[in-house]
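Two complexes, one shared chain (subunit A), two partners (subunit B, subunit C).
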Partner chain A sequence: MTHRSDRSLSVAGLARVEGEGAMHVRVDGATVTDVRLEIYEPPRFFEALLVGRGYTEVPDITARVCGICPVAYQMSACAAVEDACQSTVDGTLADLRRLLYCGEWIESHALHIYLLHAPDFLGYPGAVELARDHRPVVERGLSIKKAGNELLTLLGGRAIHPVNVKVGGFYRVPAREELRRLVTPLRRARDDALSTVEWVAGFEYPDFAHDHELLALVEPGRYAIETGTPTTDRGLTFAVRAFEEHVIEEQVPHSTALHATLAGRGRYLTGPTARYTLNHRWLSPLAREAARSAGLGTGCRNPFRSIVVRAVELVYACDEALRLIDGYEPPAAAAVEVPPRAGVGYGATEAPRGVLFHRYRLAADGTVDSARIVPPTAQNQACIEDDLRRFVAARLDLSDERLTYECEQAIRNYDPCISCATHFLDLHVARTVQ
Partner chain B sequence: MRTVVIGVGNPYRRDDGVGSAVAELLRDLPGVEVAQSLGETTDLMELWDGADLAILVDAILVDAVRTGPARPGRIHRLSVPAAGCGAASTHGPGLGEAVELARVLDRLPARLVLYAVEVTDVGHGRGLSLPVAAASRRLAERIRAEVSWCA
Partner chain C sequence: MGTAPTLAVWKFASCDGCQLSLLDCEDELLAIAGRIRIAHFPEASRATVEGPYDVSLVEGSVTTPGDVARIHRIREQSRLLVAIGACATAGGIQALRNFADADQFRSVVYARPEYLSTLDTSTPASAHVPVDLELHGCPIDRRQLVDTLTALLAGRKPDLPGHSVCFECKARGTTCITVARGVPCLGPVTRAGCGALCPAYGRGCFGCFGPAAVTNTPALVDRLRELDMTETDIGRVFRTFNVLAFAGGGDDPSQ
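Up next is the complex of A and B:
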């Protein structure tokens, strides 16, 4: 080791990723003096762009926020707009929305587990190198992802930025036979998801635990996806419409995404581990058993083990999709009428990466007067920075190169968009030699 | 003979939309599947899986320091051989990784041709800069010809 007083680790970002990220860590002697996760995300742009548009355009516009989780944006948008119009979408149409959302969880989780996250645990720089040595494993991941894509394509019209979702329901609902054709690929995906849980349960995990407050939607009786009440593991619970009273966002100089905290409480974490901790009792028996045999208890506070939680959610999403398909009878209409109405509406759903909140104020003719979107990645920034600070402090004996690599892994624990960026980043390690 | 033409890029980032612009111009090509993609790895692999010929169109930003001054609208053609070439890795990461991953998994199309158009403006918004718009029309004609030779 060289003798150093100052160490500066930084990872700079590249374009064409959904959510561009960079990381800067500064170490002075044995103290981590600065940790900054820089994120460039577009939601502010979208919020302004939505103003003046018609309320029926909102799901199509917000779908464009993210190429990985467009359904999440559509579902939160529909929930908020329908809330403003005092309309309710329930029964089979609500089931179809949940089914569509299952498709997104399947393809998003499969992508993150196999192509973005697993290489970290097995010592590969990326998916290509992983595939070279473990081809059947990567094939399995792609096959699971494909089953999710097929669900999205059937219900959403296409796999990325679906076009079949509308306020009040869908433009077209599938025939029973169309959905039945997905049973075989989904059953295979469920088997593969069970193998995925076994596979990732065997990885070695760094000994690391955080103490963040965990926030997820909770819908008693079923694992929260497209509905639920914001709830934390420390007893806080509030209505979706009170989200902005409890979640305070503030600007920090180094990020275009706002940092979020819980009013009077501090930083909090949303996403798969929070969701699992607050909802695990409502997993299907198969998913619950998979979680148990993977060693997940009643909660998960090691962010590196989020890959196990995603694998369990993969089992659940396949299982739930099969259950919904089994009970499907086409509804009389593809959508309910949602007449415009002046008012404010709120919506929150569980995107693959965590709670996604939308709020719209509509004029009497349905024109959007104001919009607010709080995406999960923004909410988690403070927690990711805190993890990095503690993670680095405990590993100062590592070389810059190794430490930078492990920091990137620590970031990838949280967010497929940022993970996507960090897999392709140029690394610049600056060090001051004493 | 299954042929796919894939326009890669984001039409809401100005010239990065050159791939989708070319794809739009080729919508009427008989017997050819025309698709647009944001360039996500698995998406590309799905689109070209099993094709005899896949033609990709994407934008490139030229690093003037390393390769000399950019010429917006200049068209480069690369063909990716079935094995042992990392040529596409000079390109966007999604595409580079897609080619490499497909190679490892034996999912490359029989022939993969990449057209890369040098671009200049990748700011927010729709619409191509003039030289890139002109290049998109030239390239569409060139691909029409290329596909007809191969049919």
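Up next is the complex of A and C:
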């Protein structure tokens, strides 16, 4: 063994992640002594600036937390506000929300698979460089992404920060013919998504498995997207309104995001691999067959293979969007009335990166008295650091340069959205500190 | 390729949405990448080239002491500095902190505010350094971004509108929702650029592109009151994504 006894690896600015983060690993002899995923994205204090706003403003304001998954924020916000007001949005309006969400899954997963993640497996610094040698492949990814954006644009008005979502439903619902125009691009995207599964299934994956508890929403009968009950692979199930009793967040000095754990249980993982493990039986036959042919089985514990799961979910999201469009009849009204009401409401949906929880306390006139948002990346931070610790320990014979590069990949497996993860925190902790 | 102009993309406090607009140019992305050397774009590539840069796109607002220094360094390295989006041009929604007690804001969200290093204000790039061009919007319009990059490549001035959203409704053929249906709308005082999206969806404009070059906001506020908007709601709608820009005009609606 020729390596030095004390090594320090750092990446000051992580590339191909959404937002600003850094990584620090310290190794003493054969022991990894410190691993920090440092998140220095400046906080924007959303939970504070929401206080005093009107309940109908919440979906538009919280969308601005994340330009990659604004629909996730709008959907969790609507669910929580409607819960507080004791209103229900169901039937065709709920189907349209699921359809809009499919658009975001397609756009976000295609972005991550092709532009952020695949270059790691093929040895390129980014997708533009990848395109110089494999242009048709990158064009296929961009074409899938475009189909997702077309769906978002039609239903939402625009792909980033859609304008058509409101508490109670939509400002305007599409005519049947408008949605039918998406069938051709979505069918093409579904074919391309199947090719994507085949493509990524052929990548070489490091032999690595984690033992994190997996948390996802589960709704028997269909793959969880915009509704479901928080469930883990070790038998824990709780209502969305009990989320804060089970998920404990704490602030650490090196991060403007928070570390989340399950009370009395420890770290847990949310996101595509957790979702797949807990929901795979509800995939459409086409997506299930794609998963089977890619060798996914009944679960996925290798974070590097999350790219395969995202590809399978891409097939599913296209398939599900086509199913919803096929059955669509315009509803009588674009939204249900949601009168304001004093109360607390809870909402959770499956953002592309995992469970996104919102809670709002409203005054009788609908003014927001308090807000709490728990995004997926904050929940996953402890798991990412644990993976890095074990990953590094097994690869100490690599050069610093190679090991640093592989650690970056280990982080990108989680598609961390640092813009989302920053600026959230638990008020319980605030009280215990004082 | 050696003479291709270089492009750098920088992120400050923001949601990533405006720089995502560049990756959302699915049809144009590879063509753009063939004409411009993308020298620094961490969200898209690990590869990064030292400055100076021909064009820097700056997303996000300045909210930390470190970022004040960083925006100056970027300015020094950039021939043209283009601020993209409501955060970079007007401080973004996070500029609401400028009107609040910043310590209270920090303690509502963070248990240990002493771990944080943030300024009491969120400010646009132009509050710190000269800015050559501003693309407005929350988020920016993708077509406007492509047009601007194309113009800069061709050495001409980009065609960025200063007129109001009302013009775009007319161009689009949307019947005025305020006149026809009594829907409150900020279109008359909001800068064009989105293509008048919201009215086409039956929704009043909520000003995400900030104020137009010339506005008569007091007249609009009178009209909003006639349409039964409360003073609270009027205050809120002007104090959202472009709070500093709407507050900065001579016709601050809150006065």
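General observations
By definition in this document, the second predicted complex is superposed on the first by the 402 of 434 C-alpha atoms of A that agree within 3 Å, B and C clash if a C-alpha of one lies under 4 Å from a C-alpha of the other, contacts with A are read in each partner's own complex, and residues count from 1 in each chain.
Everything below uses one rule, namely that a residue touches a chain if its C-beta (ideal position, glycine included) is under 8 Å from a C-beta of that chain, and two chains touch if they have at least 3 such contacts.
Since we're looking at a predicted model, the values are computed, not measured.
Touch criterion met: A:135 reaches subunit B and subunit C at once. Touch criterion met: A:126 reaches subunit B and subunit C at once.
Of the two partner chains, subunit B and subunit C are each touched by A:145. Of the two partner chains placed by the overlay, subunit B and subunit C both lie in contact with A:159. Contact with neither subunit B nor subunit C is seen for A:338 once the two complexes are overlaid on the shared chain. When the shared chain is aligned, subunit C comes close enough to touch A:70, but subunit B does not. Here subunit B and subunit C are compared by how many residues of subunit A each touches, and C touches more. When both complexes are overlaid on chain A, the residue A:49 reaches subunit C alone and has no touch with subunit B.
Within subunit A, the residues touching subunit B in one complex and subunit C in the other are 14-16, 45, 64, 67, 111, 115, 126-128, 131, 135, 138-139, 142, 145-146, 149, 159-160, 423-424. Subunit B makes touch with subunit A in their complex at residues 10, 12, 16, 38-43, 45-46, 92-94, 97, 100-101, 104-105, 122, 124. Subunit A meets subunit C in the complex at residues 13-20, 41-49, 51, 53-54, 57, 60-61, 64-68, 70, 111, 115, 119, 125-129, 131, 135, 138-139, 142-143, 145-146, 149, 157-161, 163-164, 166, 171-172, 250-251, 253, 256, 334, 408, 417, 419, 423-427, 429-430, 432-433.
Subunit C makes touch with subunit A in their complex at residues 11-21, 23-24, 26-27, 29-30, 33, 38, 41-48, 63-64, 67, 92-94, 96-97, 100, 104-112, 115-116, 118, 122, 138-139, 194, 197-198, 200-203, 206, 208, 232-233, 236, 240-241.
Within the complex formed with subunit B, the residues of subunit A that make contact are 14-16, 45, 64, 67, 111, 115, 126-128, 131-132, 135, 138-139, 142, 145-146, 149, 159-160, 423-424.
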